[in-house]
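Same chain, two partners: chain A is paired with chain B first, then with chain C.
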Partner chain A sequence: MQILVVDDDPLACEMTATLLEFQGYTTVMANDAMEATQQLDSLDTIGLIVSDMHMPLINGIEFLKMLREQGVTLPFILLTGDSPDSTLMQTPGLNACLQKDAELESTLGNAVTQALNG
Partner chain B sequence: MSSSAPTLQQKLNQLRQRFIEQLPARLQQTATKWQQSRLSAEAESRLAPEFHRFFHSLKGTGRSLGFERIAMLADQGEELLKAMPDSAGHAVNDINSLIPELFQQLNEEIEYLQSQHGQQTVLASLNSVEFSSVAPQTRSKRQRLIYLCDDEPDQVGQLLHHLRCFGHEVVHFEDTESFFNAVLTRRPDAIIMDVQFPQGNTAGTETLTSLNKLIGERLPSIVLSSYGDFYSRLSAVRAGCNGYFTKPIKPLDLMLAIDELTIPLDEEPLRVLVVDDEPDAATYHSLILEEAGMIVQQVNHPADALSALDRFSPDLLLIDVYMPVCSGEELATIIRQQSAHIGLPIIYLSSETDSQKQLSAMTAGVEAFITKPVTPDELVSAVRLRAERLHLLRSLMTQDSMTGLYNHSTTTDLIGKTLAQAYREGSQHAMAMLDIDHFKTVNDTYGHLAGDQVIITLSRLLKTRLRISDIIGRYGGEEFVVLLKGVNAKRAAELIDELRHDFELVDFHAGGERFRCTFSAGISSFPNQPSTEALRLSADQALYLAKRQGRNQVVISNEDDAKGKAEPNQPGAKKQ
Partner chain C sequence: MALDIKRFIQRFIEEASDHLPRLREGIEALEQGDTHQERINELFRAAHTLKGSSRMLKLTPITAIAHSTEELLSALRDGTQTASPDVTCLLNQATDALSDRVNQLAQGASPAELAEADHQLCQAMENAAVGKLSTSSPPVTVVPHNDTAKNDKTENDDAGIVSPYAALPTTKSATLPAQELRLTDTVRVRLDRLDDVIRLMGEVLSGHHHLHSLVEQARSLSTSLPKDQQAPFNAFSRELKDSVLSHDGLMSDLHDRALQMRMLPLSVVFDPLSQMARDLAHSLDKQVHCRVHGSEIELDRQMIDRLSDPLIHLLRNALDHGLETPDERQAAGKPIRGQLSLEAWQDGSWVVIEMRDDGTGISLEAVRRKALSKQLLSEEQLLALTEQETLELIFLPGFSTKPLITDFSGRGVGMDVVKRTVIDELNGDLRLSSHSGKGTCFTLRLPLSLAMMRVLLINVGAVTLGVTAPYVSELVEHASTNFIDAAGQKTLILRNEFVPVVSLAELLDLPYTPTESGNLLLLVVHQRHQKLALIIDALVDERDMVIKPLPTHLRHLPLVSGMVTLGRSTLVSLLHVPTLLEHSRRYAPKVLTKTDQPPQAHRILVVDDSLNTREIEKDVLEAWGYQVTLAENGRDGLNKALADSFDAVLTDVEMPVMDGFALTASLRENEIYRYKPIIIITSREKEADRRRGIEVGADAYIVKGSFDQNNLVDTLKALLG
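Let's turn to the complex of A and B:
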């Protein structure tokens, strides 16, 4: 199983991937939603998606909606620089919405475990 | 993972490094685009999402990587941009100056982070603070890191002296900006903050408010102000400050307030001795108790329990009832037969559920009977409840109520034990007897409260400056005794003389008056003096000599002095 990490900031993308890899997961990176879609099409090993919210063209939540419309039901975790607001968190099909902060290492680890087991 | 593979910390540090390296170019690029966007409405709306994304990404990544100040500046940028489309003309003008100003501040922050010092401290603090649950404890338990932020240097000199005199590490900042950055890189134990700065009448408290908001916790802080008015005080309350002092400040009062704020009530961990013949069971129960913050030792043979009791002096004994050699009940009886352990709480741990058998076991004088398997919560609360009672009783019995130092009998007892061990190890120790000079005059002139203040101050000075392993006791009245472990008479005299020098500069206040106090000290040493009594007599004689020679000096006993005759340790010492 691989985790697809989507973020338009390459460094942020790498950081999220690093945190996940140190928790024992393997990762694939994409710098926008289009690239992410291509990865999903070519790899059938992806088991979960962690995406940034603010990205050019298609943002994280639009990307989720797009996937759900296409019938992709993979667990989806959204990362955002803001403190997550409740309406965003209640988006159907969203497993977790996490703030990018110094606690990300633990919050992300927990959210992934929960999304995969729940 | 192989040993050569980078750890998560190393990998994150590499990313931090790259973040700082890449940022100037990104910033430069964005600043240029910002200038372009100012040229036409079309350019402005075309580039707007890009700026928003820049600040937003900087905020998220900066915060995740632990660069809190960059994240905060980026957040300000994002907020400014959000306000932009609805603003009237003058707000846009503000933006025209505020955004470039933010770029400038970001640049300065990067320069700071890139500087050798900035980078090292940030990376070091990130390593230990942001991503680890336990902050490193580099200072001694009683020393504190204090940040003092005040832009009036003439007012802080004396404060700095007093705080340092009590062994605290004090860093002084003249402006809120450098103070702000310092807190983000290295958290202090307490903050002393002036309210008024050139930037504003409440700039000090505002800085505290934004800091607390940014780091999500309330930093222990005390406010200094030239004003005692309602609004100054209100700003301090809103900033979550723990104390408010109006200038001129009595340094000692401030020092005591800092102590109150930072020293938790004697929170020595509870000590538990586990006696169980099954090492696995003993380890399991020890782990549960250690997890709850207790210090645990285990013994797997009942015969070792007695010597462990003496060596470890636990607050509670946890005994397995069924052991070969002797039962828990027999062990409890043996322990209870010794007067030194009569008050020691004992808890039995057993799989025995027969209440009749439990009852008979209780007759040996145990406090509780817990049946295995025990839930961790149950074990911890049973142990804590009983051990704390003894802990408290013991501290009441062994401590002097005014100073919290050991009382006369406990001091003698502890010194006796140390000497017994010193014989076996062949180690050397020094004893210092201290006596406050002209103490009766202090009481008569300034009142007993002032006298108490002097005693408390000297005891705090001894406590904060000497090592935790040293034995510090109040022998009664204004007399103190200290056993400095592992040092000879000469070194002890040097250490005590430093304290003497600092103590004579402490200002005491009584009513409107200000006064200073001094102390004299006599030093003796082991094994020159082979017993507690001999040490005491010898130190006392030296103290007497110090008094006779004019007070405010430290004298080594002539039997301990290498030259064979008593003389002041510091020939130039000031005499009262």
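Let's turn to the complex of A and C:
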């Protein structure tokens, strides 16, 4: 199983992937939603998506909606640079909404475990 | 064991170094009125990205500033706030604050050691985001660099306590860890190797040129062969020629590319300078906003290396002497925060760097007083100077207008050193303009690279010499009968200008047999406004050549600025034009017969925008015993005429700011000059111009083309009675 990490900021993308890899997951990276879609099309080993919220063209929530409309039911974790507000957290189909901060290592680890086991 | 994500900090620094210039550029665009949605979105994304990654790395102060910046940009994006000057000022400060902290990181500070976010600044941005702009100027953000930057002025002699700036610029490297131009080690290694490659390329290129003469020799050899052997030999020499030519292009291409690899962006110098401007202003209790533009322009590393000292000196000068304290600025009705702009742009094969401040400007009166007190010039010499020339006295060795020796001035390095570095070492040019109360601007003009320059090779007698193209104005042919005699100085009238003519052989004391017949070939060289026509024998070639520095034991030779190789082993000296011009001034024969000296010296005002023409007319008039004052345009002339009383005015027509016709008309309206002699001396020959000159009130109209000093003096004498 691989985790697809989507973030337009290459540094944040790599950091997130590193956090996940440190916890034993393998990752694939994409710098925007379009690239992510291509990755999903070409790889059938992806088991979970971790996506940034603020991205040019298609943001994280729109990306989630797009996937759900296409029938993709993979667990989806949204990351955001801002403090997540409640409406965002309650978006249907979203497994978790986390703030990108120094605690991401543990919060993301928990959210991934929960999403995969739940 | 937890994961150490801190290893991404270096990446963060790199990423931030990418985003920050874009932020600056975007804010600059906003200031210029470019408020396109996409522009603001870009800015927002840059701030947002910085916030996101800094938060993951626990770089709390950066996150806080980026967050507030993002809030303000978000208000701009939503249209609830506009990009007013107050808003862009806040954004600029935020960018400065972010740069400061990124710099700290780059200098090895740990995340915990970062200077805290300036809460007032963050608050001001967040207030502005909800439409509450505070009216007072927001606080200055200054980040002490590290422990060496505690601004304790009393202890500045202890190495490293204050003042990164105290010992600048001569011993900069010893005391300025923070401002040093730091190139990463890996790059440095590569550059060293590159230097070698470029040096070798230069040698190969010079050697290659020799092949051209071999091709030529082969061709002439064939004619001496018996007929039946000529055909195969010709085929051989044609092939040789083709091969040499095809290598020409390849080689210069290769050399160009090697040189390009050694180019560095000006940001290497500009970024530390803008940081230094803020710190230095803070130490001087002044406030400054430093705006940088054009730092992406690339120059050869050799230039960049040598550029930092003069720029640091100019910066110190601007902040210490130019910029007023906040109180003084307020009293003068200016915003309390001074503006310093550092701009670069490309102009042909030159790069122009401009440092401009909106400070107090240079006081001409103070410059005059200082020049007198230092006995650099006599009172009479001072009177003869134009405003620009007076201003440029600050470049004289040992000149300083500041009466007070502060931590920042009086360290023995003057503007003369800056000027010398720019002109002599960097083959560039330094100009200065200043307006009292409004500010000062220094303009440096530099070649892109010192390694390779266009060189004109000329022959004088049996000697071949080189002149770098930037100093060459034109090459003209004239019969010696075309020269006029102006105060004993042979002079050429080149369009609207008098240009002194000197035999290069005589100037350099070279063995030489003058040719009497036919036209003379003149190489007109220039430095800034000054021109000189050198009589030469022939132009040998013009091409891009690799300039070799002089060996140490020859560096004291002022007339030679470097060497180029010609053929396989011939070295050709490059003439140093600034010294040559200086030499010619001393060499110029002054014929001061003064046979007809008037009993009481009449005072004449000479107005012309050409330095050469002014100087030559002055020489002529002084040779006849007149006392001469110079002005560089109509406005300058009018001011001088009104401030003083002259017996006659001599003016050119075409001049910037105010032309000679307008000057004449204005003078005639003045009581004092209603009947004083005014002579127009111009290259305009048309009858209509002559009529116009008489209409505006000139007493005489002399055409430069038919200039005769006796005619001028006779006219003056007749008019003065």
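Please note the rule applied: the second predicted complex is superposed on the first by the 118 of 118 C-alpha atoms of A that agree within 3 Å, B and C clash if a C-alpha of one lies under 4 Å from a C-alpha of the other, contacts with A are read in each partner's own complex, and residues count from 1 in each chain.
Throughout what follows, a residue touches a chain if its C-beta (ideal position, glycine included) is under 8 Å from a C-beta of that chain, and two chains touch if they have at least 3 such contacts.
What you see is a predicted model, and the numbers here were worked out from it, not measured in a lab.
In the three-chain model built by superposing on chain A, chain B clashes with chain C. In the superposed model, A:L116 makes contact with neither chain B nor chain C. Of the two partner chains placed by the overlay, neither chain B nor chain C lies in contact with A:L88. In the superposition on chain A, no contact is made by A:L74 with either chain B or chain C. In the overlay built on the shared chain, the residue A:M66 is in contact with neither chain B nor chain C.
After overlaying the two complexes on the shared chain, residue contacts for A:M29 are found with neither chain B nor chain C.
Within the superposed arrangement, the part of chain B that overlaps chain C, taken from 99-107, 225-233 or 495-503, is 99-107. In the superposition on chain A, chain A positions 8-9, 11-12, 14-15, 18-19, 22, 52, 54, 56, 81, 99-102, 104-105 are in contact with chain B in one complex as well as with chain C in the other. Of all residues in chain B, those touching chain A in their complex are 8, 11-12, 15, 18-19, 22, 49-50, 52-53, 56-57, 59-61, 63-66, 68, 130-131. Contact residues on chain A toward chain C in their complex (touch as defined above): 8-12, 14-16, 18-19, 22, 52, 54, 56, 81, 99-102, 104-105. Interface of chain A with chain B (complex): residues 8-9, 11-12, 14-15, 18-19, 22, 52, 54-56, 79-82, 99-102, 104-105.
Considering their complex, residues 2-3, 5, 8, 11-12, 15, 41, 45, 48-49, 51-53, 55-58 of chain C touch chain A.
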